[in-house]
């Protein structure tokens, strides 16, 4: 039974990828909006770097509110709670940045992200997608967990060259340079104007061949 | 004299299960709502993981307010205090997640949970019930304490196969995959619409035979 | 000169019992209400467990406001300051729980507790009175300090069997299972309805004979 | 040149006594009221016990507001700043409790305390004055610094028996059991009714003879 | 591909310079304004000195609001978030002070700073630009990253004497004594009056010859 | 080039003196007022004693608001930011107390303090100026930096006896006992009434002869 079947569906939940000593694993980023204005809640034994990454994700998401038609009250009258199960496993690093950003935007727009999609990549506050480690293991683990579509930093494309053949075959791998590209993929329907220019569209840029 | 006799009745109190070096024990999660808006109070020498688990329980409970007819003011004008006696014994881990969630919902709906029921399981923010450790010891301890009905994570069902015969005989064991299943069991009367679909109903899914 | 003569009289002051390496001692819990809404003040070098015990005492006391006719403003417009002299002596443990709860209720109702009364016992958030240690030493110390009436957890009654004869003779020992029993003893005059049922009444249940 | 000449005069400044490895010393407690409502400011490298002592002093002072005609706004619209020079010398212990209480009341009533007076004693929240250490050294140091009048805990009177003759001769020593006695000595003019009963009056109870 | 191509354009982003054991590197300071009034957000694993430097940058920027026509609400109704990628790399020191100040002013005025410009220098609260270390390595790294224009503290001009010829050739190096000089360079168009006096103007003070 | 030339002019900036293992140095205390009411900002790697000293300086300055015609809003609607460059150098001790107090008062009154003046001295909350260490080194360093006028604690006058002749010759040294004397020197023009009595006036009390 593939692990992704365990994920719940609905806005606010996005699948990321983690490197562990036992191989790559999928990791679920869950978010909810709680009425209130006290701050920002992070749970799941997140380390300092990952907490800052979540904070950066939230600020970036807020900076795109207007573009995506998210009412300002969404962020001012709610506290965003991000949880990364399992609750007892320490986690750290910046590589869930784009996953957390996407989860917050999914929550804020009400648009779910398919459970067969996984992503990994550091986000900068201006929305650049920066390279991360453990790509090979993460993609092998993603396939085992039933994932079919991957988004990763363009600078990590080189790390996909030596993937096992069955991983290359089963995963559609999309490199991205900016978070705005991901926004156009998943949240175009929320954008005030239709996306234009060099947007990544679903399935259009498989780079599995390296 | 069975230990459950010691538990007080009434909304906000739910029995959990703890693994200790001396065997499984029941553990009472107590909650009250105090007028105020300063936050969330946790006592009982809870460790970091258990505190985050309580925080996740609270956010999940808030996310189900509407479904259960809980007025928004319940959470915005009260502080929720969760206490796990005894006050001097350090406790940690995510396994009281569904117990704390159920206690908060019992408090918020005013619907008590029977004192012969005990439960164990990690909760995720989206309401998945994740597997925990020490199931065998916890269930032996639950029976000794006078418990007759157990709710545990579906993924832990395999751990009930080798239970002593008298434990299998005396306990009705209900596996759950989501917190929403538990909500339908205990708080259906608070739901705006009658529960439907594949809800777990009391006694209907004894898995004591493994 | 018995030590209890040193205690001041008036609402908000209740005598507890402490175990020390040099034997049992009385300990005075003092409380005042300060106009303000910033929180809860604890002084007297209290350790973490005792601080949580005080927090539990406060929440329990607030949960009984209505029953005792305490106006909601008492807790929302005052800060409760609890001090346990001497200021330089570290103190810890949950055993002053019922003493602190009684002190807060005495303060809130304006009803003093006699200076010849002492008490010891952990309180749970739902008002159960849980057993504590050092009963024998505490009761010997209480008698030396001029105490004549003791309230302790029902589960500690067994610890009073081997008390010296003069202690059994001089102390009226009352076991209690719940904080509500103590409320009926000391604060019945504040209750909206007369207390009924199996309430402990002063002097009626001396268990000095063990 | 006696050290007390260095103290400034005016409301809010009271002389205490400190034990140091080099003998007893006078110590000046200075206080000012700053418009604001954020809290309570303590400076002078005060240790935890001394900070709690200051907090107890403040709460006690507030509890006597009505008696002394101090308007409630004095405490709700000001922050009280207490400083104990020198700023680089760590200080701790509860023995400046009555000095800090007297300084706050002097500040709040606008009534100065004579610079030839010094005091030492722990304060409890209910206003008991508890015994402290180092009395002999403190009184020798007080005399050297030009102090002529001492207030100390009644329970410390025994420590004055073996004082050098010139100290007994030069100091008027007043034992006090409660802070309310000190209030009657220094702030009687602020009290709504004239003080009555067994109040200590200046010079009336010299216990220099032991 | 020069690294500066990776930087995003737009207000709030300015390129700084870092010394690392592997040589000088460009470092991007990114800033956004988030509606809110809770404070100031810093991410990117910044050490204590760098956090204070950011705080000083913010206060200085606020002190120049009037001059630059920045409405007071910009700072009172927004939280400024400053992020320095990469998120997992610890960074410290005061040398990004003028870079962070310029980033905040770029954000507040809406005027972008060219991506071919880099700067390094400590800022004082009054706007002095103080010397920093690692100038030689930073400038070599800047050139490698595609930078063409450098601003540095006047007191660091002596450190540019022994730069390799190609660095001197490719970089226009501008010494500055105060932050106000930099303001005149980049934000003159926002100033209420035209800049006058000895302002540094773009390209006018190349000190590449040492 | 004398170091004082580097200091900026204008209200809020005052020159202090620091002892370092390499000799005495001038140190610039810079302050600005930022709209807001959240508190008090200190930067420059200040240690605990120096932070408390700054806090004492602020409270003292506030206590003199009325005398100096500073509107109450200046302190209630602004946050005072005090910075002591260089940002990476740890600093501690109480000896910049009068320098920080003077800087705050200069900022609040809008009256600058000449850049040829330097001062050193601990301040108490009531405005006494207490003696500090390192006077000889500090004054030698002050002269080297171009300072011509020094204010120091009266109790430190004895430390100026053995100064090198050229230091005695080049520096006008003014002893002060209270901060109010310094206020009369620098801020007399802001005082509601003309200063009277034994005020120190500029140049009138040179103690360079020891």
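For clarity, chains are labelled A, B, C, D, E and F in written order, and residue numbers in each chain start from 1.
Here, a contact is a pair of C-beta atoms (placed from the backbone, for glycine too) under 8 Å apart; a residue touches a chain by one contact, two chains touch by 3 or more.
These figures come from a predicted structure and were not determined experimentally.
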Contacts common to chain C and chain F (chain labels): D
Any chain that touches chain F and chain B: none
Chain F against chain D, contact positions shared by both copies (same if over half, else different): different
Identity of the chain that, by mean CA position, is farthest from chain F: B
Distance-maximising chain from chain C - centres being C-alpha averages: E
Inter-centroid spacing, chain B versus chain A (mean Cα positions, whole Å): 31
Separation of chain A from chain F, taking each centre as the mean of its C-alpha atoms, in whole Å: 54
Computed distance of Cα centres, chain D from chain B, in Å: 54
Overlap residues in chain C, where contacts from two or more other chains coincide: none
Complete ring sequence of chains beginning with chain C, oriented so that chain D follows: C, D, F, E, A, B
Of all residues in chain B, those that touch chain C in their complex: 6, 8, 10, 12-13, 28, 30-32, 34-36, 38, 41, 43-45, 81-83, 85-88
Chain D - residues contacting chain C, complex: 39, 48-49, 52-53, 55-56, 59-60, 62-63, 72, 75-76, 93-94, 97, 122, 124-128, 130, 178
